[in-house]
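The following blocks contain the structures, represented as structure tokens.
Presented sequentially are two complexes of chain A, the first with chain B as partner and the second with chain C.
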Partner chain A sequence: MRRAVLLEFRKMRRLRTLPIVLVMVVAVAALSSASLFAGSTQTTFEDPAAHPWAGLLLSYTLMAAMTSPILAAVLASRQTDIEHAGTGWTLASIAGFTPGTLCRAKLAALSGILLAAVLIQTLLVVGAGMLAGIRVPLDAGPWIGYTLLLFLVDVALVALHIWLAATVENQLISVGVGMLGAFLAVFTLLAPGAAFWIAPWGAYALISHVAQTAGEVGYVTPPYPWIIGLLALVGITFTLATRRFNRLER
Partner chain B sequence: MFRAELIKLKRSSTWLIALILPLLAVTTGTVNLANNTDMLDAGWASFTSQVVLFYGLLFYSMGIGLLATTVWRMEHRGTNWNLLLTTTRQPVRLVLAKIAVIAVPVAFMQAVLVVATLISGVFVLHLDGAIPWQFALVGALAVIAALPLVAIQSLLSMLLRSFAAPVAICLVGCVIGVATVTSIALRPLSYVLPQAINTRALNLGSTAIAESGGLTVPDALPILLTAVALATIFTIASVAALRGIKLR
Partner chain C sequence: MSAVITTRGLTKTFKSHTAVDSLDLRVPQGVVYGFLGPNGSGKSTTMKMLLGLTRPTRGEIEVFGEPLTPQSRTRLLPSIGSMIEAPPGYGHLTGAENMRIVADMLDLSSHQVDRALATVRLTEHKDKLVRNYSLGMKQRLGIAMALARDPSLLILDEPTNGLDPAGIEEIRTLLVQLAGQGITVMVSSHLLDEIDKMADVLGILSAGRMIFQGTRDDLFQHSIPDLLIETPDPAAALALGITATPVTGGIRISGTDKDQTAEIVRRLAVAGVPIHEVRRIQQSLEDVFMDLTGRGGLL
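After this line comes the complex of A and B, so read on.
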């Protein structure tokens, strides 16, 4: 498995995965913190009651929900499509890596990239907040919690898209589902009641640690049992599905 | 050549995206307005603004990126490129046929958006006031405004074998586009970035984005002229790339 994961990292070099992720991370962080430099926002930086960090986290949550499902679909599709384009599945099987192992290796490799990406993204947003002059102490708990859950939901989405991209050769399905999913993710932020029903994209709204009620931004506790249940379900389904790949004749 | 492209298009699954994407925009806009009638109380103006808000910021452009890469996908398979290059037709005809064939589902997408918005406003939300026919004009203008993105995505999809690579580049452009539309300092860039041109065109007369411009000749004409000029430049670049890279 370790060799298969290393192989996936080598494939990424030709796929330009790192530059794509890096540009997206910087762009999403920049957009999330763009409102910090507006005059009306800067008046709240020294007022703890105005929750400036919560406002920034809300903006970050919206941008992440809008872009993460598409990024997950694109990364998974690029990493998996190469096996369809060449005779990758067959060649890897000859080398001892079954299609199931290959898919799990792809998930492990992309998870490593996503972990670094989400961490850097959050640090950039927090850094922008400090640079803009937020004097109120940082509420570390919600930020750490959101970053961790964002990473886990991203990994779950990448697992789903690797399965889709490996199952259906036409990558329009995988990337198209990612794009429609991004739409649903943004929508569930605006209509939180729908988030439970629009799985897995509704998870981007459910992991939110902030909410806006009557114009006021405040911290909330996400529904952890639901999120853990969803992640466990995706994990089990992905394991079973990739095992099934080993028995399929290509 | 265009007829051949249309036959290929007929058998692809692009229509699914072109249908679902605008329907999702209208559905989410409808639900959002129905849930926030106290804040969004400007009738048709609020409704059309809600429908095009996220659709205009990201999903319209992403849909175009996806349609372009799907239209070029079959040429990258097997030896199709070699077959295509043996044609006696001019490269410019191939480039124009591809751009035109991508524009067909884009126009369909806009038609679905406009018709579904009007149906939802009248029969679901029971909005007061006259039906805003100018929204249909915005929909049509957005098709012309989409031409630069259609042309550049067609060029990228022609050059890049990977299905998702042009979509990834389009996504980066969309994120930068959001910044150019919402930031005063970066706003001049929104006139030349294809994704931002789409956002500006779809939000003409909208109340959701500040200073998005009205549906007037002084606001719409610069967008349309820039769009046509950029589309021409990208078409010429595509022909040059086809001659210089593929036919070398």
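After this line comes the complex of A and C, so read on.
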């Protein structure tokens, strides 16, 4: 498996994976921090009761929900499409790497990139908050919790998109589903009651550590059992689906 | 001569369609085995089964004398180079980078990679992106990928597909050279002409069934050429009730063996029909092939 993962990194050359991730990370960080520079926001920077970090986390949550499904779809689609175009499934099979192994290796490789991307993204947003002048101490717990869950949900989405991209050769479908997913993810943030029903994109709303009630932004505890259940379900589905790929005759 | 590949009753059925039907294949060691058949006759499906890419519905496969199972496949694959359906290659990578991926998959040395590239004369193009390769270069890269592991058996599915005559000749020469080095080469094609000039043994598939397997000479013997009887009076010959086609200068009779020929000649002589000459019509290999496959789309 280690060898298969290293091969995926070799295949990433010229796929522009890193530039795409970098652009998305900077864009999310920039859009999330845009409100920091509004005059009305800056008045709350020294008031702990106004929860300026929670406001920034809410903005980050919204931007991440808007962009992460598209990023997951694009990364998974590009990394999987090369196997269709280059007869890679057969090449790997006759070298002893099953299609299922290939899919799992792709997930592992992309997960490594996503981990770095989500961490940098969060650090950029926090850094922007500090640069803008938030004097209230950072509420590290919700930020760390959200970053970790955002990474896990991104990995789950990439897994589903790898499965989709491997199953349907036309990658417009995979990317199209990702764009629809972005819309649904934002929708569930605005209508939280729907989040459970629009899985897996509803997960971007479920992992939110902040909520706005009557104009006030405050921290909330996400429904961990639901999130763990959803992630476990995706994990089991991906494992079974990739095992099934090994039995498929192309 | 011992067999590198043997199948017994090999069958593959997709729902109601039988792609390969009770195939008894025998590929001897160290030869170029030409696997011929019209498009859709089951060549690729057979080759996929030989490589363990597709599971047979029925039948047995032995490779290097060992039954092909999921366990033995892992042991056998390093000795089998193959190219199935389309030449592999990631278009966004160079030829050398593609070969590096194959080398990493199979734990090959850079020496093996360089030698494989040199064998297919791709060394000077190895740093070009594969998407910029011509079809012939892609085919050669696919063969290099198959050769890099120093295989004892090479299974190539239509390696000359889409190539110009010079490219076909180049691949043909290469395969004959490889067989000369002791590598058993099984190569499929729907074009008789491509295979005829390099194959030592032919296997002809039609509608999933093996209709002939043997040498080129065996193939000629397999088909009875038409009989041409030269006579100035073909009408008189036909009046005797002999099933024949009138041609310029005589009649032409199909499917007659030696005894039937003697009987026809005797009847003509008894009836006083003048006979100037009795001979078999020279057949090309293609004619024999067409007869066997029923003109099922072969070129």
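Basically, the second predicted complex is superposed on the first by the 250 of 250 C-alpha atoms of A that agree within 3 Å, B and C clash if a C-alpha of one lies under 4 Å from a C-alpha of the other, contacts with A are read in each partner's own complex, and residues count from 1 in each chain.
To be clear about the criterion, contacts are C-beta pairs under 8 Å (C-beta built on N, C-alpha and C of every residue); 3 or more make two chains touch, one makes a residue touch a chain.
Note that the coordinates shown come from a computational prediction; the quantities given were computed from them, not determined experimentally.
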Practice problem: Based on the superposed arrangement, let me know which partner A:Gly235 touches: chain B (first), chain C (second), both, or neither? | Solution: neither
Exercise. Look at A:Val186 in the shared chain and tell me whether it touches chain B only, chain C only, both, or neither; answer first, second, both or neither.
Key: first
Practice problem: Mind working out whether A:Leu71 is in touch with chain B, chain C, both or neither, as first, second, both or neither? | Solution: first
Self-check item: First, second, both or neither for A:Val23, with chain B first and chain C second
Solution: first
Practice problem: Examine A:Leu15 and indicate which partner it touches, taking first as chain B and second as chain C; both and neither are also allowed. | Solution: both
Quiz prompt | First (chain B), second (chain C), both or neither touched by A:Ala85 | solution = both
Practice problem: Identify which of chain B and chain C touches the larger number of residues of chain A. | Solution: B
Quiz item: Taking the contacts chain A makes with chain B in one complex and with chain C in the other, which residues are shared?
Solution: 15, 82, 85
Quiz item: Tell me, which parts of chain A touch chain C in their complex?
Solution: 3, 6-7, 10-11, 13-15, 82, 85-88, 90-97, 249-250
Quiz item: Tell me, which parts of chain B touch chain A in their complex?
Solution: 12-14, 16-17, 20-21, 24-25, 28, 31-32, 35, 54, 57-59, 62-63, 66, 69-70, 73, 161-165, 167-168, 171-172, 175-176, 178-179, 182-183
Quiz item: Can you name the residues of chain A that touch chain B in the complex?
Solution: 15-16, 20, 23-24, 27-28, 30-31, 34, 66-67, 70-71, 73-74, 77-78, 81-82, 85, 170-173, 175-176, 179-180, 182-184, 186-187, 190-191, 194
Quiz prompt | chain A contact footprint on chain C (complex, rising order) | solution = 48, 51, 53-55, 74, 77, 80, 82, 84-93, 97, 100-102, 104-106, 129-130, 145
